[in-house]
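Down below are the structures I want you to see.
Both of the next two complexes hold subunit A, though its partner changes from subunit B to subunit C.
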Partner chain A sequence: MKVPPGVSPADFSEALKQFEDVVGKEWVFTSDDDVDLYRDSYSPVWSEKEEPIPAAAVAPDGVEQVQAIIRIANKHNIPLWTISTGKNLGYGGSAPLLGGSVVLDLKRMNRVLEVNDKNHYALLEPGVSYFDLYRYIQDHKLKVWIDPPDPGWGSPVGNSLERGGGYTPMHDHFDAVCGMEVVLPNGEVMRTGMGALPGSETWQQYKYGFGPYVNGIFSQSSLGVVTKMGIWLFPEPEAYVSGTVMVWKRDDLIPLVNVFAELVSSGTFRGTVVLASPLWFGPPDAELDPLRISGSVKDLEEYGARKRIPFWSLPLYLYGPTEVVAAQWEHIKEKFSSISGVAFQEGPSYRFPLSGDELAKIRDTVPLGVPSLQIFSLLPPRSQGHIGFSPIIPMSGEALIEALTVFEGVHRELGAGRAVLTILSSFPRAFVIIDLFPVERDVEKNRKMREIYRRLVKEAAAHGWGEYRTHTTFMGDISNTYSFNNHALRRFHETIKDAVDPNGILSPGKCGIWPKRMRKAEA
Partner chain B sequence: MKIAGVGLLLAASLILADAAFAAPPDREQIERGRKVYDKWCFPCHGTGLGKPGTESLAARGQKPAVLAERTDLTSPMITQFVRHGVLFMPTFRKTEISDADLDAIAAYLTRNNKQ
Partner chain C sequence: MSSRREFLQMGVAALALPISAHAALSPTSSILDGEPAGTPLYKVIFDERFSSSRAFAEEAERLGLSIHGIKGDMTDVWYRDLYARWKEGPVAIAGLTAHGPIFCLERLAWDQRMRVVFRADHRYRADGSIEHALSGPSGMLRQAAALGDEINWSSEMASLVTRCPAMRSQTSQSNVIGPTVKHADDPEHLISWVIAPIHRA
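Let's turn to the complex of A and B:
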């Protein structure tokens, strides 16, 4: 039997027995076959000695059971790694960061506690998936939209806590959080915001409550187990209009982003864009690839002009009353018209609600608030998974060109071929570049991939760019780059960690934050 | 070794017995399986646009690529894929798809197999 580090087999057996008393024998998983189900299917260290295999898993069905498990873990110094739906693939899936941890699997806590379509919010347990919430809203004929991220099998609670993003005007998921219930590392239940007021009628309507606002310290965090969360939803819009802005020179990106930033900051545009360069980063092309490799911007631009392939394309989605979105699109075209040669292409437009037949004709329903798994269709048919390097980049054309050049250069220098780089505006006022890496069940390929990944982290940090989120394998690497004033931020996190979780039982090592008893060994 | 050998023989005979005498799944079990399949499998393996499992199987020449239309799947194959994953399909834990739900999925996906 695998045991948590520093825990005796006898103590672990006693803890497991006590877990069984709390949740029932059926929901404590200790056999190799059952524990294997918690391995990260997209692990970049699959079958290597670094792969963090858990010792067991325990699946509570309510907040009282979570409290009891945490108290037992404290008594026996058992490290717990919390997952909600466990589908955080690309970032660690359902596996812990520290091998030998016990996975605290919250999937059974899957109740939609409330959806309000007058004030547009939901109160959810962590095991609810985007698919579950969407079905609940459809079944109850409620006039609200959710904002799914690309794969819909994740948890709104978990994705918001990991600060994920979607595509509709509610795309910044942590920004849409309103009120949490948290089991603290001592087993006590706390409610944040207005939830701290007994009988509060505005827990999901006013975020801040009274006094210091603490929601942030429970995101990407190991300071508590969130057992309920309020999220704001989007009222079903009347209409959707889409269109693409296309420009033809590489340096047209600079005015393009300037106009885009103004549209975002003014609230004229409220969704997420996927800013693409069909010329520079488009699909493999026998004629184009040699030009891309040569690095000649002039040659690329001439090719693009000849074949009518834009250097940059910016697809925009607008949601709201029919007349308003039509006027927004006209305004947006007027603003971008200052760029020489700019062209516009009208995209699909819809009136809501869509019928099932209408929805069935749309490949990517995610920007319409309908969860799906279609993003996996973009992977090669024999893909074994992926992870993403995802640095936050300034919202300027100059910075984007520099970042894309630097990252592509690293890929080439280390013999990794052309990078697959996607530019997203998932968060206000900045871009995030997603550099997707394939993971395989091949030790040597994964070792090479990790070398490239770590080099990218260093290059990005040297330019002032840091990742917004990462796979558990690289959490220490990313944490090391956020080092201002001799790691003042991490030392502050450690101070809080030691104060609220003195036994260091919750998610040790998450985001590079280790409890005191493990710090010397792991830092 | 002898004991292990006896165990293997016993297991093999039980499997054969199971294959020989197992009653076809009842309608209720198939209906339960359809519901579990719709929830957990359809978003990837269903019909229509944006179903990556179906597209991946089609790209690899599997016919029909929609799992619910197959007549050659077996319960052990289905268990293998759900519990161990394949390519970009991850594993599914027992808190997601219980053993009983997995049996129901198998009943649904093998409902049209020739006996």
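Let's turn to the complex of A and C:
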């Protein structure tokens, strides 16, 4: 039996027995067959000695059981790694960062506690999936939308806590959080925001409560176990209109982003777009690929003009009253028309609600608030998974061109193959570039990939760009780059960690924050 | 112009660059005398786009099983069928699909305390044969030896998955190379599988 680091087999056996007394024997997993399911399918250290294999898993059914587990873990110094549904593949899945941890699996806490379609919010337990919430809303014929990420099998609580994003106007998921219930590392239950007021009637309607606002310290965090969370939902819109803005020269990106930034900051456009360059980073093309490798920007522009392939393509989605979205689209076209040669293409438009038959005909339902797993059918046949390098980049065309050039250069220099970089507007005032890397069942290929990834992290940091989220394997690397004033932020995080979790039992090492007793060894 | 999905697909595609309900829940009719009780199959999932998968489904249906066709994306069969059925309790399913659907279904099944208990990776070879890499109960693997002579391997696989024992001992592996005729619409790699509740002999 694998044992947590620093814990004797006898102590661990005793802790497991106590876990069984709390949740029942069938919900404590210790056999290799069961524990293997918590390995990360997309691990970039698969089968290497660094791969963090958990020692066991325990699945509580309610907040009291979470409290009891935490108290037992404190008594025996058992590191717990909390997951909601454990399906954030590419960021570690259900595997811990520290090998030998016990996975605290919250999948049984899957109750939709409330959905309000007058004030547009939900109160959820962490094991509720986007599909569960969508099903609840459909079954109860409620006039609200969820905002699923893609794929949508994860948990709204987990995804929001990790600061994930979707595609509708509620795309910034942590921004949509309103009120939490948290089991603290000492086993005490706390409610944040208005939830601290007994009998509060506005827990899911006003975020801040009174005094210091603490929700943020429980995101990407090891400071508590969130057992309930309020999230804001989007009222079912009357209509959806989509269209694409296309420009033809590389430097058209500068005015394109300037206009886009104004539209976003003014609230004219809300949502996530995938800003891409079909010419520069588009799909493999025998005629175009040589130009991408050795041609000049002018060569690419001429090719694009000849073949009518835009240098930049910006698809936009608008949600709201029919007349309003039509006016928004006209306004958007007018704003972008200042760019020479700009072209527009109308996309699908819908009126809601859609019937089941209408929905079944739509290939990509995610921007319509309908969760999907279709993206897995698009993976290449030999895919063993992938992880993403995802730095935050200023919302300016100049910065984007510089970043894309730098990252493409690293790919070339280190023999990583042609980079296919996409730009997402998942957050209100900045872009995130997504650079996907395959993970393999091949140790040498994975080592090479990690080398490239770490080089990208350093290059990005040297330019002032940092990642918003990363796979557990690279959390220490990313944390090291957030080093202003001799790592003042990390030292502050550690001060809080030591104060609220003195035994260091919750998610050790998450986001580079180690408990005091492990800090020297791991930092 | 390209859609949001197409752009995202570019990213993942680039990773390939260099670097019948009447039979449901009842024992299947194909159990031979003397064989251990088979795993009742609630549904057989196949990909309508692939000839071998269609042949698999035709044989499964002939054997009295309920079938469901997909076109790469398993969201609909899961959300509209398995999601609710598995909430009532675990029931076994089988299929012949590409990697994506079984990857998702396996992980969704874990949450219901089910596992992939039989898996066969079918890969077409350059010499015109096909390799079947099998993992599952040893009794099934012994029966799978017939694939070495069977040109209609996908129909044989449909018959084989109906014989997955309900009580399973340790998993074994074997490889069988057999004859085949590659259909133009088949991908290079297909997977036959059974997902079932954990019952260990």
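Note that the second predicted complex is superposed on the first by the 520 of 523 C-alpha atoms of A that agree within 3 Å, B and C clash if a C-alpha of one lies under 4 Å from a C-alpha of the other, contacts with A are read in each partner's own complex, and residues count from 1 in each chain.
We adopt the following convention: a contact is a pair of C-beta atoms (placed from the backbone, for glycine too) under 8 Å apart; a residue touches a chain by one contact, two chains touch by 3 or more.
Treat the numbers as computed from the prediction; the structure is a model and nothing was measured.
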item: Clash or fit, subunit B versus subunit C on superposed subunit A; value: clash
item: Contacts of A:K361 with subunit B and subunit C, given as first, second, both or neither; value: first
item: Touched partner set for A:Y42, first subunit B, second subunit C, both or neither; value: first
item: Which of subunit B and subunit C A:S396 touches, first, second, both or neither; value: neither
item: First (subunit B), second (subunit C), both or neither touched by A:S219; value: neither
item: Touching partner for A:N116 - first (subunit B), second (subunit C), both, neither; value: neither
item: First, second, both or neither for A:K448, with subunit B first and subunit C second; value: second
item: Which superposed partner A:D150 touches (first subunit B, second subunit C, both, neither); value: second
item: Partner, of subunit C and subunit B, that touches more residues belonging to subunit A; value: C
item: First, second, both or neither for A:T202, with subunit B first and subunit C second; value: neither
item: Contacts of A:N480 with subunit B and subunit C, given as first, second, both or neither; value: neither
item: Colliding stretch - subunit C into subunit B, listed as 1-9, 19-27 or 145-153; value: 19-27
item: Shared subunit A surface residues [contacts with subunit B and with subunit C]; value: 33, 37, 41, 85, 87, 107, 131, 153, 360, 363-364, 371-377, 379, 381-383, 386
item: Partner subunit A, residues of subunit B touching it in the complex; value: 39, 43-44, 48-53, 55-56, 59-60, 83, 85, 87-96
item: Subunit A residues touching subunit C - in the complex, by the definition given at the top; value: 33, 37, 41, 85, 87, 107, 131, 135, 150-151, 153, 167, 244, 246, 273-274, 276, 278, 281-284, 310, 313, 315, 345, 347, 360, 363-364, 366-367, 371-383, 386, 415-418, 420, 422, 434, 436-438, 445, 448-449
item: Partner subunit A, residues of subunit C touching it in the complex; value: 1-5, 7-19, 72-76, 78-79, 83, 98-101, 103-104, 107-108, 110-111, 115, 187-189, 198
item: In the complex, subunit A residues that touch subunit B; value: 27, 29, 33-34, 36-39, 41-42, 57, 59, 85-87, 89, 93-94, 105, 107-108, 127, 131, 152-153, 360-365, 371-377, 379, 381-386
